[in-house]
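Each of the next two complexes has subunit A plus one more chain, namely subunit B in the first and subunit C in the second.
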Partner chain A sequence: MSEIAVKTKAQQTPQVTGAPKAVTALDDRLAAMSLPQGGFSAPARAEALSRLRVMGLPGPRDEYWRYTDPRLFNVPGPQPLPFDAKAPESPLFAQRDTLTLVFVDGAFDASSSDELALEGIEITTLAHADAAGDHWAAGLYGALEAAGQQPVKRPFAALNSAAAADGVLIRVTGTPSKPVHVLHRRAADAADAVWHHVIRLEEGAELTFLESGMVGARSNAVIEVDLAQGAKLHHITAKRAIDPKVGLSHLFARVAEGAVLKSFSLAVNGTHMRHEAVIDMAGDDAVAHVAAAVLGDGATGRFHHDDTVFITHGAERGESRQVFKKVLKNGATGVFQGKILVKQGAQKTDGYQISQALLLDEASQFLAKPELEIYADDVKCSHGSTTGAIDEHALFYLRSRGVPMDRAIVFLVLSFLADALEEVEDEGLRAEINERLEEWLTSHA
Partner chain B sequence: MTATTDLDVREGVDRETVEAVQNMGSYKYGWDTEIEMEYAPKGVNEDIVRLISKKNNEPEWMTEWRLEAYRRWVTMTEPKWAMLNYPEIDYQDLYYYARPKSMEEKPKSLDEVDPKLLATYEKLGIPLREQMILAGVEGAEAAPAEGRRVAVDAVFDSVSVGTTFKDELAKAGVIFCSISEAIREHPELVKKYLGSVVPQSDNYFATLNSAVFSDGSFVYIPEGVRCPMELSTYFRINAENTGQFERTLIIADKGSYVSYLEGCTAPKRDTNQLHAAVVEIVILEDAEVKYSTVQNWFPGDEDGKGGIYNFVTKRADCREARAKVMWTQVETGSAITWKYPSCILRGEESQGEFYSIAIANNWQQADTGTKMIHLGKNTRSRIVSKGISAGQAQNTYRGLVTMHPRATNSRNYTQCDSLLIGDKCGAHTVPYIEVKNSSSRVEHEATTSKVDDDQLFYCRSRGMDEEEAVALVVNGFCREVLQALPMEFAMEAQSLVAISLEGSVG
Partner chain C sequence: MLKINDLHVKLEEEDKQILKGLTLEVPAGEVHAIMGPNGSGKSTLSYVLSGRDGYEVTGGDATLDGASLLEMEPEDRAAAGLFLAFQYPVEIPGVGNMTFLRTAVNAQRKARGEAELSSGDFLKIVRAKAAELQISPEMLKRPVNVGFSGGEKKRNEILQMAMLEPRMCILDETDSGLDVDAMRLVSDGVNALRSPDRSFLVITHYQRLLNHIQPDVVHIMSNGRIIKSGGPELALQVEENGYGDLLAEAG
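Now for the complex of A and B:
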C-alpha cells in the first residue's frame, strides 16, 4: 500500500513544481489584502506586483533571511496582539512644535492631525493624492524601491508598493520652520498596517522627519527618500516601547551630490522586527549616516530585532557611516547584516561600519554578517563587530565609588549606546531619546 | 642565504625580502614532465570508483565507503554561494585516475627509476638525497641522511611515489605513509577516523573526493610523542585533463605534537584542471598540530587562460581538552580557490588559529577563509587574514565564528585586511558572527585600503623600482602571517608573494 501511495505522490509532483510553492503562499498573502486601484500610483503598483510575482516570498533557507525567519511576514494575516492604549508612556517628541500627522493602523486620520500647510513644503497623503489623480510623486513612488531590488531581492518592499493604502508624500523646496512628525496609533488588535512614504528634497532643501507612536500588530512600512544636490534630511524613528508587534520596514534613499542623509532609529522591544536601509550614494561627496540603538528584553515575550543595511557607493568621495548598538537580555536576539558596496570608479570612498552587542545574560544572542564588497582601490573602508558582556572592570569601578549595581549597569549601557545616539544631531532630540532609554533601562533592571 | 651576503642590504629592509624581490620571475613550476601515464577512462561512475579502489588494493569496506559517497554525490548540486565565476565543470570530461606507468611495479634501485620522474623532483627543488627516496627506491631510506630533516610524502597525479624517513619516524612510533598504504596496513585507525571530521556527505566537493580520492598522506602521532621532524606532502599535478583528489588524515593522539607542511604545483596549461582535496585532522587531549600550506598551483596566464580550480575542504577537530590547531596558508596559485580550513573547538580550553595570505592577480578568483566553531568552554580562536588583489582579480574573505551557548568564557579575535593594487580588482569580506552566550567575547575588524603612497614614495626614493617597492610593502602587509610559518616555508612564501604580484604594477 505504502509503495503505491509513494508512487502517486511522485506522479503528482511535476504538476506542483511547475508553480513554485512560494507563489501559492504569495497568492494567499495577496488575497488577504485589498490592493488599492486607480490614482497616480496605479502604474507603479502594477509594476511592483509583477516584480513581486517574479520574486515570490522568501523562504527560511534564503541567504538574506538566514537569521530572521520570514514566515511571520509570509502568513496572510497577523496574530491579534492585544495592546493597552492607555499604557503609561508619554509619546516622544510631544513637547516639540511639529507638523503632526496621525496615522491609525496605517491610515491617515485628518481629524487628529495638524493642517497640512507649512512654508517651503508640499505635503499630502497617499490616499488623498491617489483620489485626486496626477501627482509629482508619480515618477518616484515605487521607483527607488524597484532600484533597490538589485542585487538583493526585497519582496516585502515590492508587496508594500503594490498594497500600501496610505502614507505621506512630502516635497521640500526650502527649510521648513519645524519638523514633520508622523504619529502612529493603533485601533484593531489584528491590524495589518501597510504604509508608504515618499520624501523628496529639492536642491539645498532641509527637513527633519520624525516617526513615533504604536504601529499595528503587524506592520510593513516603506520610506522612499530622494535627496537632490546639497539637500539634507534628518530622519529619526522611535516607536513606542511597550507594544508587542511584528514589523518590517524599508528605507530606500538616493543621495545626490553633496546631499546628506542621517537616519537614526530607536527600537525598544518588538516581537519580530526587521528594518532595512538601502542607500544609493549616487552623487559625488554624498554623505549617509545610519544608526540604531536597540534594546530588547525577552522577559516580556519574544524579542527578535534585525537591522539590515546595504549601502552602495557609486560616486566619488562618498562618506557612509553605520553605527548599530544592541543591548540584549533574557533571551533576546539581535541581528545585524550590513554591507558596503563600492563600485568601480567610486574612488576616495570613506565607508565605516560598526555593529556591537552587549549581552546582559547567557540566554541572549547576537548574529552578525558585516560585509564589504569593494571594486575601487583608492578607498578607506573598515568594519568592526564586537559582542560581549558588560565590562567587569568598569562595573567594579562604579561600584567602588558607591554607585548601586542597578545604576551602574544603566550608566554603562547608556555609555555603550552613546556612539549611536551621537548620530542624532539635534541636542534636544538626543536628550529626549536618552531620557527614554534611561527610563526603559531602569524599569527593566 | 649565502647568496645574499654580498647584497647591499639597506637598513630596515628585510634581507629575505630583498632576496625575494631579486628572485622575481613568472610562474616557475609551469613545465610538465613527459612521462608515460596510465589512465582510467574519462568520467566518473560506480565502475571508476571500484577501479580506483582496486588499483589501490583496498579492502571491501573501503570500496563500499567510496560507493556510498558516490551515490550521495550524484544527488547533490554544486554550491554556488561563493563569489566565484567560472564556467560549468563537466565532471564526466575528466580523468579521475592517472599514474606514471613506471610506478606500476615499485622500482628496486635508482637505475630502474624513470629518469624523468627523478628529473621532475630535482627541478622542483627537492634535494637529491630525498629525491632518491621520492622516486620510490626501496632501501634508499637506509642511506645516510644529510641536509634538512623534513620527511616528505610526494604525490604525483593520482599516486604517492614515496615517503621519506619512514624508518626513523617509525622508531618514534610515528606513522607517516600514503593513505592507500594506511588503508591496507592500519585499517583500524583509518576506519575509526576517516570521515569523522569531514563526513562523506559534508559538501559537494568533499563527497566527490570521498568517492574518488586516489591517494594522499596519513599521519599518526602516538600519545606523548613530539614528532622528531617536520612532515610534508608535495603535490604535483602533471597529466592533462586530470582531476587530483587527494585525502589527508592526521591524527594527533594525547599530548603529541606535529608540524605538517603542504606544497603544490602544476604545469602551465591552457585548460583548467580540477583539484578537490580533503584534509581531516583529529587532535586529542593536549595535542597540537601545525598545518602550513603554500599553495602554488598554476594560476592561469595573464589573460586568465588555464589554471587550477581548487576546491578544498580542510577541517581540524580539537576533540578533547586543550587540543590546539594552527592553520597557516599562503594561497598564491589557482585560477579559482574555494577553501575554508576550519576548527571545531570541541574540547574545553582548545585553541584554533588561522593565518592566511591570499593573493589574487590577473584573472584569479579566491574565496577563502575559515570557520571557528566554538563548542567547548574556555575555547579560544584567532583569525588573521590578509587578502591582496591585483589586476582583474577578485579576492573574498569568507568566515564564520560561532559561539555555542555551552561555549562559555570563550574568545575570538578576527582581523581581515585587504589590499587593492589597481582599480580593476575587487576585495570583499563576508564574515558571519554568531554569538549565543554572553560570557564570550568576539571581536572582528576588517579594513580595505590600497598600497600606501607614502610608503611607496619612500621606497622609490631609496632607489627601488616600483615593482620592488610594491613587493616590499606587500611583504610588510603580510608580515604577521609570514611569521606564523615555519622558517623555510616563510622564505619560500615571501618570494612567492613577490612573484605572484609580478606585472600588477604600471
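Now for the complex of A and C:
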C-alpha cells in the first residue's frame, strides 16, 4: 500500500484547433438528440444546456480526461451494437423480491414493470412526471449536478440533465419493505440511452436501490442522491456490458448530518467506460463509501474502464471510504482518479482511499491518480494504490492442495476483489454478486 | 513409497546450490523425521517435492510409488497423494475455508477418476474431522486462514490433510509457533492419520515434537545432504549436544 503506482501513457492527441470547432462538435452532438421540452424539469434543463454551452465538450488535452479519451462520448452517435433478442438475459437481482422498473434503452417500460406502489416511498418516472407538470423533484433535478460542476467541469453530466429522456424519481419517507430495482433492457442496435434518476431520502429514511441488466451501444446516466439527516441509501449497480459498449455515468450525492451512502458498482466487460462519483459530505458525521469491482478483458478488442471520484468534506467528523479493485487482462486498461478534498473546518474527517489493480498479464495497465487536498488541521486521510500480479505463493498453496491452476486463479481473483465486495452490506446481495463473478471468471478462464 | 535419489537442486535465479545429492527413502507406513541446522535445505526439500516454482533440479530424482514427481504440476502431485503442511499457511481473504476444502477434495477425486462428494456428504465428513481437531464450525466458515491464530492455522493444515487423505505427508516445521496444548492437538491429529499405507516426513528443529509424533527413523540433514540416519535416539542426541558433533563426524 505504500507504493503509488502511477504509470503515464503517451497519448496521441489530435491538434485542437480552437474554440469554434468545439462549439461545432457540441452542436453536432446536440443535433443528434431530441431534447425534451416542457414539464417540471424544463427550467433545470434549460440551465443545464446553458452550462453545457459555456463548458463545451472536453478535449483530449483536458487534464481531467488525461487517461480516458472523451471522443467516443463526444461523437454524435454510437457505433451500433447488434442486439440478439433471443440471448438469455439472467440479470442480477432478478430472483429477489424487489419493486422492479424495467427500462428499455433508457426509457421506462410500464408494461414490463411492477406497479409503482410501495409503502414508504413516492415513486414515478421522469417522463411521466414531466408530462404531469409540477413535482417534488423540481428543486433537485439538475441541482446536485450543477453544484458538482465546481471545481471540476463535468460537461456530460450537464448534457445528461439537458437531454435525459427518462429516469426514476424516488422520494423515501420510511423504510420500504423491499429494494427498488431498475432493470435495463436493450432494443435498438444503435441506442444512445440517456437517463437521469433523482433519489431523495427524507430524515431517517432507508432504501436499497439496485440497477442491473443490459445496456445498449452507448449510455449516459446520472443519479442525483439527496440524503437528509440520518437517512441511509444502499446503491448497488451491476449492469452487464457487451462489447463494444461505451458508457458514462455520474453519481452526485449530498449527504446530510449522520446520513449514510453506500455505493457499490460491478463492471464486467464493455469497451470504453467512465464512472464518476461526486459526493458532498455536507453534514456532520456523514458517511459515504464508494466501491467498485471491475473485470476487464481486452481480448475482444479493447477494454478501458475509468473510475473518477471526488469527495468533498465540508463538515466535521465525516467518514469517507473509496475501495476500487480492477482485474485486467489481454491489454485491458484500468483508470482511477480519486480525490478527497477536506475543507477548512471539516475537522476530524476520516478519509480513506485504496485503488488496486491485479494485472493478469503484462499487456494490461493501470493508471492511478490519487489526490488529497486538505485545509483542516485535525484530520485522518490516507490513500494507497497498488498494481500487482497474482501472488505466486498463494497460487502454489492452492495448487498444492490439488486445486487446478485455472480454478486457483479464480479463487485469487475473488480474493483480490473481496475488500470491494465487503462494501455491500447485505450478505445475500453480496453472495449473489460473488457467485456471478465466479461464474464469469470460470467461463472466461 | 517416497524415494529420493541423489537429488541436486539450485535456486532458479541465483547460482546457489541448495540440495547436493540428497538420498532418502520413506517406506509405506513409516514416519521419518528430518532435523538439521538452519540453512541445511530442509524447507527447500519440501518445496521441491511439492512443486513450488523457483527451484531448478540439476540432478537426481524423486518418485512417489514409482512415479517421478519432479515433472508433475503441483496439483497433479497432490492428486498422486502428496501433501505438504506449510510452515506458514497462506491467508486467502474472500475465499471460504469450506469452499476451498471442497474444491480441493473434489478436484483430487476428479483427477483420480473418482466421483465427487456431494455437498451433504462433504459437510458431514468435514464437520466430524473438524471437531476432532477442535476447529469450530465458525472457523470453517471464515476465509482461508484469515484471522486464525498460529495454532489455528496449523490445525487447519491438519484438517486439510485429514480431508485430502494423502498417502505421503510432509510436515514442514508444523511445530513452529505452537504452544504445548496446540502441539498436542496437532500431533494427535497426525497420529490419528498414521496407517500402514500412509507415510510421513516430519521436518522439525526440535526433538519435542517427536515425543508426540514418534518417528521410525531420524535423518540429520546438513548442507544439502543427509549426513546421518538413525532411530529416535538420534533426535535426543541432537537435543542434548546440538549438531556440532554430528557435523564434525560427517566431516
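Keep in mind that, in the parts below, the second predicted complex is superposed on the first by the 417 of 445 C-alpha atoms of A that agree within 3 Å, B and C clash if a C-alpha of one lies under 4 Å from a C-alpha of the other, contacts with A are read in each partner's own complex, and residues count from 1 in each chain.
Following the convention adopted for this analysis, a residue touches a chain if its C-beta (ideal position, glycine included) is under 8 Å from a C-beta of that chain, and two chains touch if they have at least 3 such contacts.
Bear in mind that the values here come from a model prediction, so they are computed numbers and not experimental data.
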| item | value |
| --- | --- |
| Partner chain in contact with A:Glu371 - subunit B first, subunit C second, else both or neither | first |
| Residues of subunit A touched, compared between subunit B and subunit C (which is higher) | B |
| Partner chain in contact with A:Arg401 - subunit B first, subunit C second, else both or neither | second |
| Subunit B versus subunit C as contact partner of A:Leu421, first or second or both or neither | second |
| Partner chain in contact with A:Gly388 - subunit B first, subunit C second, else both or neither | first |
| Contacts of A:Gln347 with subunit B and subunit C, given as first, second, both or neither | first |
| Subunit C-touching residues of subunit A, taken from the complex the two chains share | 392-394, 396-405, 407-408, 411-412, 414-419, 421 |
| In the complex, subunit B residues that touch subunit A | 81, 83, 403, 405, 408, 418, 420-450 |
| For the subunit C and subunit A complex, residues of the former touching the latter | 50-53, 73-75, 77-79, 83-84, 86, 89-90, 92-95, 100, 103-105, 107-108, 111, 143, 160, 164 |
| Of all residues in subunit A, those that touch subunit B in their complex | 63, 344-345, 347, 357, 359-362, 364-389 |
